[in-house]
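Some notes on the structure that comes next.
In order of appearance the chains are A, B, C and D, and numbering begins at 1 in each one.
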Amino acid sequence: MAAPAELVRLLDERGWTAEPPTAHPMSGVSESRWVLPEHLVAAARALKEAGYFYESLTCVDRLDPQGAFELVLTFARWDAPARIGVRVWTPKDTPVPSLAGVFGIAEWNEREAWELFGVEFSGHPKLRWLLLPDGTEFRPLLKSFTAPPPSIYDDSLTAPASPDDRTDPDTHG
Amino acid sequence: MTLLTGLRDWIAGFLGEFLATWLLGAALIMTFLAFNVLFLVLAERKLAGHFQRRVGPMEVGPHGSLQSIADMIKLLGKQILTPVATDRFVYLLAPLMVFLPTLCVASLIPLTGAEAFANQPYGLLVIIALSGVTVLSIFMAGWSSNNKYAVLGGMRSVSQVIAYEIPVLLAALSVVMIAQTTNLRQIVEAQANTHWYVLYQPIAALLFFIGITAETNRAPFDIPEAESELVGGFHTEYSGMRFAMFFFAEYTNMLVLGALGATLFLGGWLGPWLPGPVWLLLKTYAVIFVLIWVRWTFPRLRFDQLMSFAWKLLIPVALLNLVITAILVHGVG
Amino acid sequence: MTAQTPTLTAEPLDTYTLNMGPQHPSTHGVLRLVLTLRGEKLVHVDPVIGYGHRGHEKMAENRTYAQFLPNTSRQDYLSGVIYNNAWCEAVEKLAGIPVPERALVARVILAEFNRLASHLMWIGAYLLDLGGWTPQLYTWDDREAILFLLESVTGSRLTYCTGRFGGLSRDLDADFPARARVVLKKLKDRWQEYEDLVEGNVIFVQRTRGVGIFTKEQCQSYGVTGSSLRAAGVAYDVRKVEPYGAYPRFQFDIPTRPESDAFARYWVRVQEMKQSVRIIEQALEQLPDGPILTERGLGSKKRLKLPVGTQYYAVEAARGAYGILLVSEGGTEPYRAKFRVPSYANLAVMQDVMPGYMVADLVGILGSIDVIIPEIDR
Amino acid sequence: MGYLRRFATGAWSLVVGLKVTANHLFRRRVTLFYPHELPDASHWGGPIELVTFPATGTHDCIACNACVRVCPSDCFTVEGKRPEGAKKMRATKFLIDFSTCSLCGLCIDVCPTDTLQYSQRYDEAFYTRNETFNDLLAPFGEDPTFAGKPT
């Protein structure tokens, strides 16, 4: 049950995994699988029961013609060098089921993905800003994002100095 | 002495004998206490430095000896802020009130057998009653600041002082039982005939020491101002000279309670060669040195541990000690 | 003072809200905790993070692999070498850059010294949280010796940037092993003192025993790693479970303790320091001669192009498992870089652990898990 | 009895702690009086500076802009021109915005003539933002390469 190869075979058998939407390889993990969004919670539950912990969630803004996110979740074990990469391909405007009910840390990770990318998570208890100030409208980690809108804070103190303004260091007090 | 007597007579010319003595005494005590605070602050910082393998202040004056004066000037010059939504009257009153009891107590400690500002028959009781008043102003400060940290600090302070007054009182009572008097002067004189009471009452002395550590809000009992939990505790919102008042009171309290401890257990002014007040001061500073040493060694207790330590350990031990003392004094003779 | 209280009716009358931080002496930086208290008892803890968010992940997408090097040590400023090495190793692994033997061992030496410095700093800061001032100065004295040692190799004292793809940018001096052994001896002589002053102290034991316990289930649910997890009785250490770099060739143990309280975390960290000393001693013995860098300016003189792929690379940082997820689309810049920082999970679990304890314990628990806010905020 | 023993060991641990601090009280300080005593900065990697080569007595910056390109935080402003009759360019302006420099040393790695190095200055302090621009050519004075010719 615990070995990653057996576990992903189980996922395959239950029909939770999907064909890879991209040929993008994943390394640094024992096994990796593409999981259909609707089976994500069930797969996570199976992983939790097998003794895996939720290690990380990475959202990647794939420049797909339809616009899609790739969610890369990694699960690892305490007792063996077993890491399972779970990848989810989701269109930009489709919510992904939240794992907050399965793993506690998923709540924060999903809040982060939501505020930085705009991934919607259905069933998340508190989809609010985590790292960015409350009320931030833009999604900074999208590839389409270029510059933040004018800051709501006074940035006169942080305006970059330019070398042409350089004064002689001896002239001031 | 002649200078002082002359000064007193000159003031007595227009204010009367009683007021002149009173005023001059108060002025002398105030001056001494002010210098004492400056010295103690410096001593604390220097000692802390050396305990921690550094040297403390070094820049102002030789070996930093004038650092506290510079700090005092800085505190005097700082802007005094009054936060909005404070209970203004109480807020302003608290720093003034905080060192009044301490001043009163300071005048009650006998300096020598011959001369003293006060020779109260119930001196010990008055001192213990008065030193409990300090906490009132601390609570006033905490409450009026309209700051939750300050309120928490003030409330912790009240419960702490209530808890620790009792072992202090009980420890002092066992001394009273031996000396058969509450007059501090007579307690010291009684020690001249026998040994210092610390030899007869080591447990009481220890309890007393723990009690005054708690009453002066010093580590490991510095819970009312626990910096890492409550920012600054009751004096979070005070700045400049008002903050200095609390500081002043804390260090004066250390001196006064240290002097009381020296009087009760270490024979007060008694000692060879040197004049009485010098001995008293030396013994007081020895007690304060241990206070400083303890502060720079131990972490802080938690609030509930502090309370259970007082109620479940110190007070029963103090009571037991008192009972044994009573049996020994009255039964054995 | 009032924090984000939703509505008046939602808050029961017997509780109140206390806003701890972002500027508070013991929140270790800019963490804000919105506490709901009943008296001094914690009812609910809501960590608010992000005050130090600098957008490291966005920065990574706009810089070449080499240009991101200085950012790494600024995530966790107390174990910068480890993070710096992790980035180098992650890129090396994906790009297939060979690393000389000497560099591998030197990285281990620097990383373990950095771990020692970090743990020493933590002991000092933790005792400061608990109100003991003096141990901090003693640990800083020891840490200073380590920092001087690291400075002599890297040129920096806190935000190291010595790692390069294929080795280190500066070599260890000929007399480095000798100087390192002096420092290690100094440290070993100190253990007894720390035990006398801290570990044996009855006040410290009272403050930390039975405080801040989290269960294995909570650890699994939140992904707690590092010393906090080992103090909960789980012998998980990336250095052992997924050995990387030169670690497989060194003998060391993973200290664990079953209690999972603050004292156990303290004890585990002290034991880890002893193990780090052990690793460094072996590494100094085995330090081979040879080049320290395969090729100077690899990735900086000419921009490095990494093959297409998603790569996860984990190391054991001073606070737990640090992971880098690198997505490359074949360009000279990462397509996406995600940093799985240990403090993130270790702090998140606090929402579950804290309620029921007192305010004074909060400081003791928060200190004991050793969070570094800039790495959480990234 | 167990309670008493626990109490005794607890009290003894406090005494042991006091002994540790008392031991340190009379030992030598480990701190440094910073403005009066200076630390050993021989290995310190401070703000970037130009190397003075003993052979030529000057730097060898050819204004190739490699450092400008590699710098993660765009600290550099480098300008140069070709002295008459020379093959290589030579820097006429070399500014570093030290306020954005993170001392990563990538510029040292890429410099083709090895003319950049860490200085040992560790106590840089500034009063205004503009002072953070280090003119690296200033220590070399007037460049004799361009002497006599208007630049």
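The rule we apply is simple: contacts are C-beta pairs under 8 Å (C-beta built on N, C-alpha and C of every residue); 3 or more make two chains touch, one makes a residue touch a chain.
Keep in mind it's a predicted model, so treat the numbers as computed, not measured.
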item: Distance-maximising chain from subunit B - centres being C-alpha averages; value: A
item: Chain ID, smallest distance between chain and overall C-alpha centroids; value: C
item: Subunit A and subunit D: spacing of chain centres that average the CA atoms, whole Å; value: 38
item: Rounded Å distance, subunit B centre to subunit C centre (Cα mean); value: 44
item: Euclidean distance of C-alpha centroids - subunit C vs subunit D, Å; value: 26
item: Between subunit B and subunit D, centroid-to-centroid distance (C-alpha), Å; value: 50
item: Shared-contact residues (touching 2 or more other chains) in subunit C; value: 134, 138, 141, 197, 201, 203
item: Subunit D, residues touching no fewer than two other chains; value: 14, 17, 20-21, 24, 30
item: Sites on subunit A at which at least two other chains make contact; value: none
item: Subunit C partner contacts - residues on subunit D that touch it in the complex; value: 9-11, 13-14, 16-17, 19-21, 24, 30, 40, 43-45, 66, 70-73, 102-106, 108-110, 118
item: Footprint of subunit C on subunit B - complex, ascending; value: 48, 51-54, 147-149, 152, 219-220, 222-223, 226-231, 296-305
item: Residues of subunit C that touch subunit A when the two form their complex; value: 49-50, 53, 55, 57-58, 61, 93-94, 218-223, 229, 234-236, 241-242, 308-314, 321, 323, 325, 327, 335-336, 338, 340, 344-345, 348-349, 352, 377-378
item: Complex interface listing, subunit C residues touching subunit D; value: 63, 66-71, 74, 134, 138, 141, 144, 148, 151-156, 159, 161-162, 164, 169, 193, 196-197, 200-203, 205, 296-297, 300-301
item: Subunit B-facing residues of subunit D, complex; value: 14, 17-18, 20-22, 24-31, 33
